[in-house]
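Letters A, B, C and D mark the chains as written, and numbering starts fresh at 1 in each.
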């Protein structure tokens, strides 16, 4: 932490700031430059709020040097191995997770599950509890859907990912689901993050559409701090002024995250674009910039879907995406240097 | 709902779309313009998702005409009357709600409560449960803080506002709090909205920093639908590219909301700007554009605050703000036409 | 400038950075903290690009302490006095600048000019050259409009503000216009900024809808550096995700700018909201947070306007706005402490 | 155009709106739905501003159905062939344009030009006139740089791209440059767009960092309308709340543009990310989602660059990028279906 004093501040401001630091148990050193006096904190000040010093008369601003999410930044290389042998992260070939936005019925789910499996998906997604902007929209079948997911897993062998929105739902879903999804709307729901942090299952943590990269990592930190190290990050589009696409898929964030953390990173091009015709090219791009896998909404009859049908693709398009994604992954890894390309450059700071 | 067909779509597309509408129980009419064919839905289509039609071959886009929050838009004029006689909304003079970001201790709270009351605040705010971006930050005293708030209410007579983040907290806080606050991070937490919708207390609903005006109204709709009509909206800054201020306080949204709904609208200039020197001018501006009141963080010693001390003001600045706010309110209402100024213009649509 | 070295960087990195600084003629001091080594530059490094050091192996980041617009931040208190006695800035009562978006014809202009004068406006605005997003829209009458503006000034005595977009237009407009306007789309047009910096007329510089406060001040710096100190800043809405309003009027930026610079600050609620029903409340709010005046689009028959008719107000609404604005200004200044309210707080840094 | 009347509007509103349309020479048809009355304009209303109708008492809103850039949307498939045989667009293999941000000197330019050629670049970029946010930064060598670019072209055979910011610069650069670049800051500079529209050279039009896809196409329309059909679009990052990257590279816009227009689309990962370690992965991603080429800043000694050195890569990294890009392009085209993948889906509307 560096505390910048105003050029016209009283001479005793230095003493006052250093004194406040000493009270907090921290040593410091004053440096005078041509335009400012700087109080550099020598000890680790990461636990202290900036305003302890920013509100002292004569202080211009407080600069933090250190990141706030040590566990997320320094995690070991994580690769998750699922019951069907699928491996996510750690440089493994991309994993495709696919399925309907909402579980709409037993047979519908079984049909889609079997089709996405044939298309090459390795995990099944399907919403039991659906957060919806409008209270008049379909909100999911709830516990009933969880049962169908459990059956679909038995039938197809595909591990299941499904969203949970409360402690109660975590408990309900525990026996039916192989990876809990925290949706974009709940990335800031810290009670829920702590809850899933106490579970033993991998957590798919989606970036809120208004979250910075740093906030996403801090949300992951909440889970990691509880002892659950199986956190998978997912970029799914951020909110910008552009309205042609539902969100703006921030693939630079994927490349940046791959440089900053060892946690696996997925991309959800369905929510990221909201347009079915963009999902195939953006799936290719996601893998090309280093994503460890994809999360895609698939429906056998998008026109009839009860939620988000506007962005669902059919199983036959999924087949093409899986083929594309493998080709792009190979192109990017055939040259061994490719996989280590960023290593020669310096890792980024938060 | 209007369904626009591509100019080069097959002639049978009309029939196909009309057929899909008929299946959904809706009548329609086709209109041919110089460039397009339009299928206009005659019956109320608000319950139907757009993708039922957007995914039909030959459909260019689906336009929704109707808003999705009838209760919020057509609510009666609501004015909330609190135990100490304070009246919020319905054209009443602005209400100032003030207090510490977090309740940090018993005596601290009593002191601040008594000082904000002297300064002219009519309700007391204070956080018991604190959502924090970093898991390493102070997260509130929890149930203990609720007890202190109850005592502070007894001592000062000020009704109490405090944030709740889960069903469990709603229950815990019920006897200590006069208005539940739903924080910006939980505006999309629909389970929680339904929970407080079932309570009998007024709900202070803060706009998420990434929410459109329409989404804020739809969040209110979740609460209203459960039967709780005492919803107070609160603008607290949205996230934009500007970094000088913590958020961008969107006062146009306040003026727009006052035109669209009868629900009371508050402004939180503390989170909206994140800078203590801007809170006084923005408080005046909030009242000048029609806000029904203010929510302000006050601390007796901002440098020592355990959370958000960077934006807290002191009780003496609050005294000045209360004086300003009254003067501005009078200036805006002395001319009787002022209070009805927007009535002569047409109300806005969502 | 402070250069942060990575904790795991080679010991000789310090030397290398200090050497690079010495080559640039700057002395420095190394400070070791618990987590980092910092190289603090002692001399004024404001002329040096960060990448001289950021690209050195082992450097984590480069922090700039100093602002880049000394003239804008340290300008003397400027108040502009126009030929008709109107005074803009320096704490004077708010000035209202009003008129049509585009000059559409001789008589139309004369009529509106006379009506806005009766309504209480002190300057006349009117577009001769119109930048339009679509090339199919009306682009202004050009030189012909300038003649009409000159005549309107003679008839009404109102000084004239009009937008220029090129050096050629500056020359053409010179004898007809009392203040040149640089539109939002041209705030980054540095050639044009230098051009008007060489003129003797006051410059109304609008914030680009994507510009940070700091970039606006740096654009002003371009003009100030050429020797023209009569720069008036204008907030006119920034681009955000909100679509209900045309832009998001950033009044916090107005309060912030009034704290940072002595240059006068105007607000344009017409472009800021794009909705006629919001212009009156936002005009009041602008004055309440410290703006020195308003820029408002007025048309005698908005339905027939050739450009931006959707947001124009009529002269009769302008009359009410002028009355409101005076009442709000008095409310904010009657208490002498009000005008100096922010002085007791510390001025902000960029 | 569809005009929506308020449900509570007077019955004569229909007549009034239809009358206003008739005056404008347009026929219309009224449709009554369960909640609204709609006036559907039958004739082409693309030349009329919405406010002709939006300001009529009783009108709720005006919906435009039609896009405003017919030339950009309906252009024929354009592929540009340069003097050295490089082909840009029309499905050709990706073109890499590389070179220094600014031309800093004669020998520096020759060295970089020769190195980027060896690395596989097919066109040379280099700035003669540099727009800079701060007036204190290096603004380019101007006409002198143009001479060096002409010489570099002679020596290497690489066609040259350079930015122009005024009519005067267009004239100066004409004999030295093979493609004029319109920078992001000038995308809204309509005078300049018309100027280059009258030239015979291809125009590289960069998206403003605040521009929607629709605005980018409308800017292209300005150039196309003047008769210059050789327009190349370039995505270079948009401004969002994320600060880790300099901008947010919007690759979805690339995929969307490839669906909407036949104009070639480039990606500039240098400005798009501002971080050298992200340029290689984002270059791969750009090609994977369909970009026709890349625009990359290369410097032989980034630490010493006079502008934007923080994001420049070295020629050796460029070599790796060219190799990657070819591999990814092949992976995406080896399966013939890939190149036509989006054709099976419906093209998007603006």
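Side notes on the structure shown:
Simple rule for what comes next: contacts are C-beta pairs under 8 Å (C-beta built on N, C-alpha and C of every residue); 3 or more make two chains touch, one makes a residue touch a chain.
It should be emphasised that the depicted structure is a prediction, and the values quoted were computed from it without experimental measurement.
Touching chain A and chain C at once are the following chains: B, D. Of all chains, the one whose mean C-alpha position sits at the greatest distance from that of chain A is C.
When the interfaces B-C and A-B are ranked by how many C-beta pairs touch across them, B-C comes first.
Centroids of chain B and chain D (each the mean of its C-alpha atoms) stand 38 Å apart. Averaged C-alpha coordinates put the centre of chain A at 27 Å from the centre of chain B.
Centroid to centroid, with C-alpha atoms defining each point, chain B and chain C lie 30 Å apart. Counting partner chains per residue, chain C shows two or more touched chains at residues 210, 239-241, 243, 276, 346. Residues 210, 212-214, 238, 240-245, 248-253, 255-256, 258-259, 272-273, 275-278, 280-282, 284-290, 320, 323-324, 327-328, 330-332, 334-335, 337-338, 341-342, 345-348, 350 of chain B are the ones that touch chain C when the two sit in their complex. Across the complex, chain D meets chain B through its residues 2, 4, 6, 29, 31-36, 38, 40-44, 57-61, 63, 65-66, 239-241, 243, 346, 349. On the side of chain A, the complex with chain B involves touching residues 20, 46-47, 49-56, 68-69, 131-137, 139, 165-167, 185-186, 188-191, 208-210, 215, 218, 221-222, 225, 239, 276, 302-312.
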